[in-house]
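Across the two complexes that follow, subunit A remains constant while its partner is subunit B and subsequently subunit C.
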Partner chain A sequence: MENKRSHGREILAHVVLIILAFMCLFFFYILIINATRSHAQLQLGFSALPGSSLVTNFKNVINDPAIPILRGVLNSLIVSGCCAAIVTYFSALTAYGIYAYDFRLKKAAFTFIMAILVMPTQVTALGFLRLITNMGMDDSLLPLIIPSIASPAVFYFMHSYMQSSLPKDLIEAARIDGSMEFSTFNRIVLPIMKPAIAVQAIFTFVGSWNNYFIPALVITSKNKQTLPIMIATLRGADYMNFDMGKIYMMITIAIVPIIIIYLLLSKFIVEGVTLGGVKE
Partner chain B sequence: MKSEKKIKSVSYAKWGYIFILPFFLTYAIFSVIPLADTIRNSFYEFYYSGLKAIGPNWVGLANYTELLSADLPKYAWNTFVMWILGFIPQIVIALILASWFTDARLKIHGKQFFKVVIYLPNLIMASAFAMLFFALFSNAGPVNNILLRMGVIGEAVRFMESTLGARTLVALMNFLMWFGNTTIMLMAAIMGINPSIFEAAELDGCTHFQKFFRITLPQIKPLLTYTLVTSLIGGLQMFDVPQILTGGQGSPDRTTMTLIMYLNNHLQAKNYGMAGSLSVYLFIISGILCAIVFRMNTDSDPDGSKFAAKRAKAAAKKGGGV
Partner chain C sequence: MATLNLKGITKIYPHSGGQKKPKKGAPEKKTNLQVTDKGVVAVQQFDLDIRDKEFIVLVGPSGCGKSTTLRMVAGLEEISGGELYIDGKLMNDVEPKNRDIAMVFQSYALYPHMTVYENMAFPLKLRKMPKDEIDRRVKEAAETLDITQYLDRKPKALSGGQRQRVAIGRAIVREPKVLLMDEPLSNLDAKLRNQMRAEIIKLRQKINTTFMYVTHDQTEAMTLGDRIVIMKDGFIQQIGTPQEVFDHPANLFVAGFIGMPQMNFFDAQLKNEGGKYSVSVGGCTVELSEEKQANLTAHGVAAQDITLGVRPSHMVLSKEPGNTLSATVEVSEMMGSEVHFHANAGGKDVVVIVPTMDAEGQHIDSFHAGDQLNLTFSGSVCHIFDHEGRNLEF
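What follows is the complex of A and B.
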């Protein structure tokens, strides 16, 4: 009896999981298939088998002067790469400052960061846009990168990680060996923090790659646009006259790099989610 | 000896300040100053009519009252409806999956595969995902095409032309993007429960339902609340998906227009007064939610270390188990 019932649960669990996995994968399957088909083929209706226009679509997309997608990929790589490096380094630095030293404002500083942990950046967007315009940084990639020095959620992650994996004796030992404070951080602490840095670098990279709201308000010239802004301009395009094969190809270019990174590092990423206390 | 130690700790204190300086300097410049400027603007009439600037004229709270009497309540309601439509299936499915994944008695083949697949949509560019849905669910798009050919429907469904259809599509995307993430968070919480509680319950003859409702749910209540609040904050920021899906129109008839889309419209139109007061409303709501998150993170666990350590342990255990 007991055996039979758990058998039933097992079947149910598998059916539900297969349906959900199907929902997650099906849309991307159509995307990839449609990216390989020409506009004319797409007009005929859906086909489960790939077409032969993959290369043509790709060439059409990269040769379209209206949407310089390769420039977009490059801009997105610059912003996401710089953000990932800056976020992880400065968050670890801030966390180390609060974790390793005793100073009068230590508790106040920690409390402040915890209070703003989940504050949305959108609420200060107006002042932010006016500020960077006054500073002459509008329509530039810099304001998409520099503010990420202050990332409360990544700080929190780093701080928690230090508490579980960075013994204070080690810092003391480094001091006795004559290591300067700053080089202790760079040469001893950072290597210990590697797993935490790797997890946060990936999440920051992906978050920055996908970020749309602020970049769309900051960037005005075409050759500085990041990928999400270019994808958004597709939506405004005249639908009747647009090559659908190209649209599917552009969406593919925007999301497939992330899917590939994810599949290569999936086990690591899925475990990183729970390590991460807070995720945006 | 004692005084020497004191001198030593004082001399190191300055490094603490130096190390945290970049963070606080950046935050002051790029968040605190903009916040002050946003609040200041909210009290002025200040917008552009063509190229001509109107204002800034001090109007006190006029922008705030105008927003309340205009479309703000409608857009707040839209945002809430689309959030809750996505959140309910998200939390229900995540709870079921998390309890299945953590049930040692339940043999699931390809557990790691399913975990990887359900988390995948969380990493997809929301704007590209929305553009994809726009193409797939358009009147002559593949979804209609498939349904027509299978004979499920007689004529093409105009998904994006009805309020229910458009809102459901937004909610469906939000659900797909977040249920995997929630599942994995809840799994870690369930694995943090002392297994002997479950063993004792089994010896006492508890059914699966009893175990789930009497043990699992009460034990992970803190994380459930945390998920609810952080998801609310995420919902408040809902923008990319409805913006791209409806081309910024919030169609049909602005029933999918969210608060941040409304803010975006004011920012694009350079209506600083209205954008300012709308931002302040959002700031107040976010502030309340931040306070709740703050209390949960610091309550009886002053620096979050126990919480993090527990999670790290759970994750490590899971990593070993799979």
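What follows is the complex of A and C.
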């Protein structure tokens, strides 16, 4: 009786999970299927079977002189990759400073950083735009990368992770062993922070990859556009010459790097979510 | 290999923002550390001269300032007052890495992403030592500590005892002037602790260095130390060899802290009749030994109410009541070769240790709860403390 009940529960759980998995993955499936269909086929309505226009759509996207897609992919990769690298390194460094050292106004510094967390990007956008224009950095990829050095959310995550996983004894042991402060951070702290860095790197990468707001304000020239802006440009084009197959192909190209990054780092993400909760 | 001189070392933790000097009448905290306008005084006027290759153990209850003192020697805590010399050089403001000391932590503090070999080689690499020299030293230390077979493993694949060996290995590869150990055995289970204690004694014979060891376990202190420093509330209570502090505790605290089971204490009277000192407790009067007589006379001690201390193993069972202290057995603990009787003598708890067999192998009569004991003690083994807890013989 007991066995039967638990069996039933298991089946129910699997059904729910299958539905959820279907809901999550179905849109990706449709996207990829649609990328293989021509505009005419797409206008006929929904089909679960792939079409034959994959190569044509791909060629159309690649060869469109109005939209330098490969340049867009490269720009997005540069911006997202740099953002992920510097946000994790500098946030970990800041968190380490607050965590490992005792200094006056330590608590105030922490509170100040946390206060920035509640400030929406839109509020500071105008000031930011004026600043980079005055600095002569408009229409450049740099203003999309550099501000990510200061990321209170990532700082907070790193700080919490250090509290749970970085014993101060380790830092002191390194000091006694003869390690300089920067070297302790790079050689001892960073490797211990790897799971946290991987989690934040992927979140930042995805966030930056999908970011539309700031690039739309900053970037004006075509060869500096990132992918979200290019897709928006295509959608805003003349409705009569609107090629849906091309748009689907473009979105497919846009999400592929994200999927690859996720697959590469998924082990760390799962570890990062569960780590810290269990003391060894 | 170095001498270590601590002269009037003091540590004051300043009040942080929200933490003010407690008001009068505020509930007392667990420790009785002195609080001044400057902050909480964790260590007060610590004076100690440690000889070359000496093994010094700092022992005391939690919060007594022993770890703080060790951390000041290591350079991990700033010294608020006093002077620290290592080999005659003033070290107050010298960085930890330049003090030529090594430290073993309670939590092992091994770098989790490095193998045992890399952990042990790390301090040598930082000193830019040639690779073959690093290799030689690491292997030699691993050999000494019997961890050669684990050199390629990561710390998480090791047991607690093995991890602590690696931590010790990392400390000794550098051949430091002073080896500091902060409760290195506290995280191990009882059996492993005994084993590691013996290992540390052996290690000490193999490597020539000065040891400073912190523990709250008096057994560790007694077995390891050449000299023991007993601390309480930031003050040194007594410095001496294990035998000295056991035989001649300077005050009530030391008497109670050193020795297992704890020393028995009685309210008693010190009498001086015709120049002869005797103690009287609950109908039992015992004349003091020659040595004690001489000490008390030398200090001109007057007859007074005292606290009398007698160790459980020094309590003697007397067959006949008479000039004895009577007590009622409450609990008896069979320990194998001896029995510990917990008894009540006029409202005071008394522990008496009695062997289960005499020298001829005859079982000695046992006692049960409710039985009456007639206790006495020798005038050479009792300890006399005044109402402030000071040993009157000092």
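Quick note on the criterion: the second predicted complex is superposed on the first by the 227 of 280 C-alpha atoms of A that agree within 3 Å, B and C clash if a C-alpha of one lies under 4 Å from a C-alpha of the other, contacts with A are read in each partner's own complex, and residues count from 1 in each chain.
Convention: contacts are C-beta pairs under 8 Å (C-beta built on N, C-alpha and C of every residue); 3 or more make two chains touch, one makes a residue touch a chain.
On a predicted model such as this, the values are computed, not experimentally measured, just so you know.
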Which superposed partner A:Tyr156 touches (first subunit B, second subunit C, both, neither): first
Which of subunit B and subunit C A:Ile269 touches, first, second, both or neither: first
First (subunit B), second (subunit C), both or neither touched by A:Ile176: second
Touching partner for A:Ser52 - first (subunit B), second (subunit C), both, neither: neither
Subunit B versus subunit C, judged by how many residues of subunit A each one touches: B
Touching partner for A:Ile188 - first (subunit B), second (subunit C), both, neither: second
Which of subunit B and subunit C A:Ile247 touches, first, second, both or neither: first
Subunit B versus subunit C as contact partner of A:Pro167, first or second or both or neither: second
Which superposed partner A:Asn63 touches (first subunit B, second subunit C, both, neither): neither
Footprint overlap on subunit A, comparing subunit B with subunit C: 280
Subunit A - residues contacting subunit C, complex: 107, 167, 169-170, 172-179, 183, 188, 191-192, 194, 280
Contact footprint of subunit A on subunit B as seen in their complex: 9, 12-20, 22-24, 26-27, 29-31, 33-38, 41, 93, 96-97, 100, 105-109, 112-121, 123-129, 131-136, 142, 145-146, 149, 176, 179-181, 184-185, 187-188, 208, 230, 233-234, 236-237, 239-240, 243-244, 247, 260, 263-264, 267-268, 272, 275-276, 279-280, 282-283, 286-287, 289-291, 293-294, 297-298, 303-305, 307-309, 311-312, 314-315, 318-319, 322
Subunit B-touching residues of subunit A, taken from the complex the two chains share: 6, 9-10, 13-14, 16-17, 20-21, 23-25, 27-28, 30-31, 34, 45-46, 90-91, 93-94, 96-98, 100-106, 109-111, 113-131, 143, 146-147, 149-150, 155-157, 159-161, 163-164, 181-182, 185, 206, 209-210, 212-213, 216-217, 227-228, 231-232, 234-236, 244, 247-248, 251, 254-255, 258-259, 262-263, 266-267, 269-271, 273-275, 277-280
Interfacial residue positions of subunit C with respect to subunit A in the complex: 17, 74-76, 95-97, 101-103, 105-107, 109, 111-113, 122-123, 126-127, 156, 170, 174
